[in-house]
Amino acid sequence: MRFVYLGPEATFTEQALLTVEEAVAGDRVPARSVPEALDAVRAGDADAALVPLENSIGGAVPITLDELIAGAPLMITREVVIPVEFVLGARADTAPTAIRTVAAHPQASTQCRNWLRAHLPDAEVTDVLSNSAAAIAAAAGEFDAAICAPLGATRYELAVLADKIADHSHAVTRFALVTRPATPPGPTGDDLTSLALIIRHDQVGALLTVLTELSVRGINLTRIESRPTGEALGRYVFFLDCAGHVAETRFGEALQGLRRVCAEVRFLGSYPRHRWTPGLDHPVPAPANLSDDAFAASASWVDRLRHGDY
Amino acid sequence: MRFVYLGPEATFTEQALLTVEEAVAGDRVPARSVPEALDAVRAGDADAALVPLENSIGGAVPITLDELIAGAPLMITREVVIPVEFVLGARADTAPTAIRTVAAHPQASTQCRNWLRAHLPDAEVTDVLSNSAAAIAAAAGEFDAAICAPLGATRYELAVLADKIADHSHAVTRFALVTRPATPPGPTGDDLTSLALIIRHDQVGALLTVLTELSVRGINLTRIESRPTGEALGRYVFFLDCAGHVAETRFGEALQGLRRVCAEVRFLGSYPRHRWTPGLDHPVPAPANLSDDAFAASASWVDRLRHGDY
Amino acid sequence: MRFVYLGPEATFTEQALLTVEEAVAGDRVPARSVPEALDAVRAGDADAALVPLENSIGGAVPITLDELIAGAPLMITREVVIPVEFVLGARADTAPTAIRTVAAHPQASTQCRNWLRAHLPDAEVTDVLSNSAAAIAAAAGEFDAAICAPLGATRYELAVLADKIADHSHAVTRFALVTRPATPPGPTGDDLTSLALIIRHDQVGALLTVLTELSVRGINLTRIESRPTGEALGRYVFFLDCAGHVAETRFGEALQGLRRVCAEVRFLGSYPRHRWTPGLDHPVPAPANLSDDAFAASASWVDRLRHGDY
Amino acid sequence: MRFVYLGPEATFTEQALLTVEEAVAGDRVPARSVPEALDAVRAGDADAALVPLENSIGGAVPITLDELIAGAPLMITREVVIPVEFVLGARADTAPTAIRTVAAHPQASTQCRNWLRAHLPDAEVTDVLSNSAAAIAAAAGEFDAAICAPLGATRYELAVLADKIADHSHAVTRFALVTRPATPPGPTGDDLTSLALIIRHDQVGALLTVLTELSVRGINLTRIESRPTGEALGRYVFFLDCAGHVAETRFGEALQGLRRVCAEVRFLGSYPRHRWTPGLDHPVPAPANLSDDAFAASASWVDRLRHGDY
């Protein structure tokens, strides 16, 4: 199997990909951007792409959200959550007091904002496209230092001037493994389903309607993001992560409901939830009256009513 | 076909039954009470029973509601709504000023309350079991006068001392034609479905939950009645009349939802709505996104999602 | 103080009135009917009236509901719940096998229906206006027997042929003590508020709207009854009993909301809840975030926002 | 009055600030970043700051959202919406075919993504901190070209190689004028109120609860954004823009409700809505039953109920 990931090499994304067994055994090719990675899957040049979805500090990765809904349908088959610890790397001969310019990916500089204010208040921070690009640019002398992953410092032979410089310990990044549409991986009892919705703007309380379609079927929302549709201010695509799996009856019924009340619904995959803090973060099973069995029993009851057999 | 109706003869119920074609052609047998009428159907002694459900002035007929849910399942296949106009009947030799006692069915005296206060403030009104019983009792001299149907006055040879004595003109009574469970009459696009629900008392906002299951599927409630379950104050059976038919997909889905959230749901039939004021009282078609076609389209979409075919 | 109650003497209503201290000390006058009792209060001829509201078996007492909203405003200041145990009384010389006619109040015969079917299947049951009227009529020889209160049998010297003949043991009747409008009795932390609502018929989901106004303020509904408005089938007055007191901030806010969304709201009183099964039936205190203090804190916060003082 | 704005000079932000009368007459000082601009207001070094809130293409400006809730309270007193049209600027001697590197603010490159793919597929796009920084860097020869505002090209003497290069015409950016807390500008009948909420995570359906608090008072949501709180994945701050003004009674009541059901509510200002397409984009007045008068009438009614005066 051929995997593409948001490159360059030696970033958190490569590190996340290496937690996927099939990827360790398969080909792993860096892409220059999220669009390039996803387009490689759409074109059939790769079987799957690993791209960042969100970070517990920096928030959503807008380009990923935008690209997931921009072209041919894609499907998330797996989420990977890994801890994110940044270092400040510099060439070996750089004195910490001499740092005037720092290269950093915007998510990285966002997460190290307080550290930067405290320790390098006068340094100019320049956005670059990746943590690796920051390391490479610092190694090349284009900047005095780089915020990067530990792996990036090692790979590009930078000295670590400071480690764990992120403002929040326990920061994590969540990645999505994306394929072309296929039968989703089977339900595990602890799954997420990702959706993109465009609500009808002639409806009062459209978002309330959407949430009601979910809550009536006992489906919890774990995340909601909005992105502009580009038409005008006030028009949004909503990205929802919901607890549950498309194969569950109740989830199928909720999806049908969303399809009927929304202007557009794009299914973005059902996949096992990655519980990154085992023991702390328990799945909540659906109540008995919302199980597939409860749905089957109630459907069979309605069927009997329709035929006078009760 | 053999029909039983709440007797005795010459009441509004018989008049209502005569609007049912099959009953005109079939046997019509009066029953002494609503329980007797319904039990005749349960026992197979009659094919259908016509019993009063509610009156636009006096409200629900509690005995009918209680008996519909007390024994083996029954099903309403038709509603009949007829105008109710009362007369005060008395033996030919009775002077209006000499009336001291009046026999009346409680629903009748309720509906003529103001008239009675104004014209017979000192008369003692005695409840009897039917409008006919009132007429018969007056004819037999047990009471000075009777509130009854015009047909009752005619049949039992009473003089009409006053007609249209009901406080509200335009009063109507609604009757139900009840059979044993069978495939309901097919949907007409303007149907009602009657249900009896017992809600779970360990749930906060149980009634809100019930109404939400309906409103999410766009189903309007045309009537809600509560009757005690008999266990304790505060425990009720709710009788709901909903616009729609069990054969409609959305209605089936709503019924499934009610079955899952309620302690008990008893289906009491789907039947054409009787529009008694033609031209005034229009059916409201379901919105396009809640049609059977919309449901089928969304179900097929979910099915494709489940198989990666989108 | 002068009390009027639904008479005649020696009924459950008189027994209920005797649980009210002020009534024991005051005047107690029976009325011939619920309207007469309430009109005596409206006219100032009595300070308070005790009338039946509902029975755990027979359900609501429609005449009381209808009369509460028919004229000048009235207010419930107290509820009284008492157990209801019926006896079959007859003149001393009546053989049980000779009983052909039974006098009973409709609520009484409803509650003894199974007993009557089992023990007096062929007896004709005649509705009379009260349990006492039944006892008096039996004592006078108009009927062979009466269903009445034990007190009625004693007072009118009937032999008790059978006692505890109600189909359900534990049956209770709930009475309302009604006065002219005044400042309601102060909140006790376990109160009920009674309301009558007419919903707007041009609004979809009007009842859902009403329930949402309550649930948003954490107010539970303990009872809902519907009565026809008399205009047409499908037009109802809803009678609601809600947990809470008009003096509570959250309740005031909910009432304001109901007033804005309903065509009409009639306040029928806030009064202490009568817990008739002590130890079993606990009050549920309002959550902390809905206390008067929480409301005051949030109101003061909004006030500060309005003045830039935050 | 002293105004600070997200600099450097000659960006869309300066252009937006020049639409504010008081700013034309006052001092205007560029800040190096959104945090610097907002901190200048917090510290009293400036009276107001103009910062970008969102763009109809690129979406929210996360740094602004994060900084609005990070320190001492601030308040939005005005929104400014202006059209955004980008140009590709280069030094006069640059041949279009020779462009290998492009400097651009990330929002700018996001909005010109398709144009860049089509016309400069091989160019490396580097993120810089502002549109002006891009123009300056191109003028300085650090990059072959810049995506910038027309004003930036003029000011820094770049040739416009292509104009209106944004993928969507009609793109707009929305800016906020931010001050220290004060009495908000008075209601105009067409206002927005911005809020930041942290919901309780032990509550099922917390977001549904929030939306219900708004919808019960007839308040529409025009925008919802989520930003991570930084504690863990799945914990968000929600930024809401709601139609209405804190001075309106119904809005105050809704705010009180949010305060009670949320873990935290930060008020971010009530201000007139900037309708940027006059004639197309009409304000929707609140329904009559939600006007201040309706609230006052219902409050006075409840007050009368509490004193028996009805």
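The chains carry the letters A, B, C and D, assigned in the order they are written, with residues numbered from 1 in each.
The criterion applied here is as follows: a residue touches a chain if its C-beta (ideal position, glycine included) is under 8 Å from a C-beta of that chain, and two chains touch if they have at least 3 such contacts.
Chain-to-protein mapping (UniProt): A, B, C, D = Prephenate dehydratase.
All values reported here derive from a predicted model rather than from experimental measurement.
Asker: Copies chain A (Prephenate dehydratase), chain B (Prephenate dehydratase): same or different interface, half of numbers shared as the threshold?
Answerer: Comparing the two copies, chain A (Prephenate dehydratase) and chain B (Prephenate dehydratase) contact each other through largely the same residue numbers, since over half are shared.
Asker: Taking each chain's centre as the mean position of its Cα atoms, how many Å separate chain B (Prephenate dehydratase) from chain D (Prephenate dehydratase)?
Answerer: Centre separation, chain B (Prephenate dehydratase) to chain D (Prephenate dehydratase): 58 Å.
Asker: Distance from the CA centroid of chain A (Prephenate dehydratase) to that of chain B (Prephenate dehydratase), rounded to the nearest Å?
Answerer: 57
Asker: Cα centroid separation between chain B (Prephenate dehydratase) and chain C (Prephenate dehydratase), in whole Å?
Answerer: Chain centroid spacing, chain B (Prephenate dehydratase) to chain C (Prephenate dehydratase), equals 25 Å.
Asker: Could you check chain A (Prephenate dehydratase) for residues that touch two or more other chains and list them?
Answerer: In chain A (Prephenate dehydratase), residues 212 touch at least two other chains, as defined above.
Asker: Spell out all pairs of chains that touch, sorted by label.
Answerer: Every pair of chains meeting the touch criterion: A-B, A-D, B-C, C-D.
Asker: Any idea which chain C (Prephenate dehydratase) residues touch chain B (Prephenate dehydratase) in the complex?
Answerer: 35, 54-60, 62-63, 66, 81, 106, 110, 113, 126-129, 167-168, 170-172, 174, 204-205, 207-208, 211-212, 215, 220-228, 230-236
Asker: Once bound in the complex, which stretches of chain C (Prephenate dehydratase) touch chain D (Prephenate dehydratase)?
Answerer: 73, 75, 181-184, 212-213, 216, 246-247, 252-253, 255-257, 259-261, 267, 289-290, 294-295, 297-299, 301-302, 305-310
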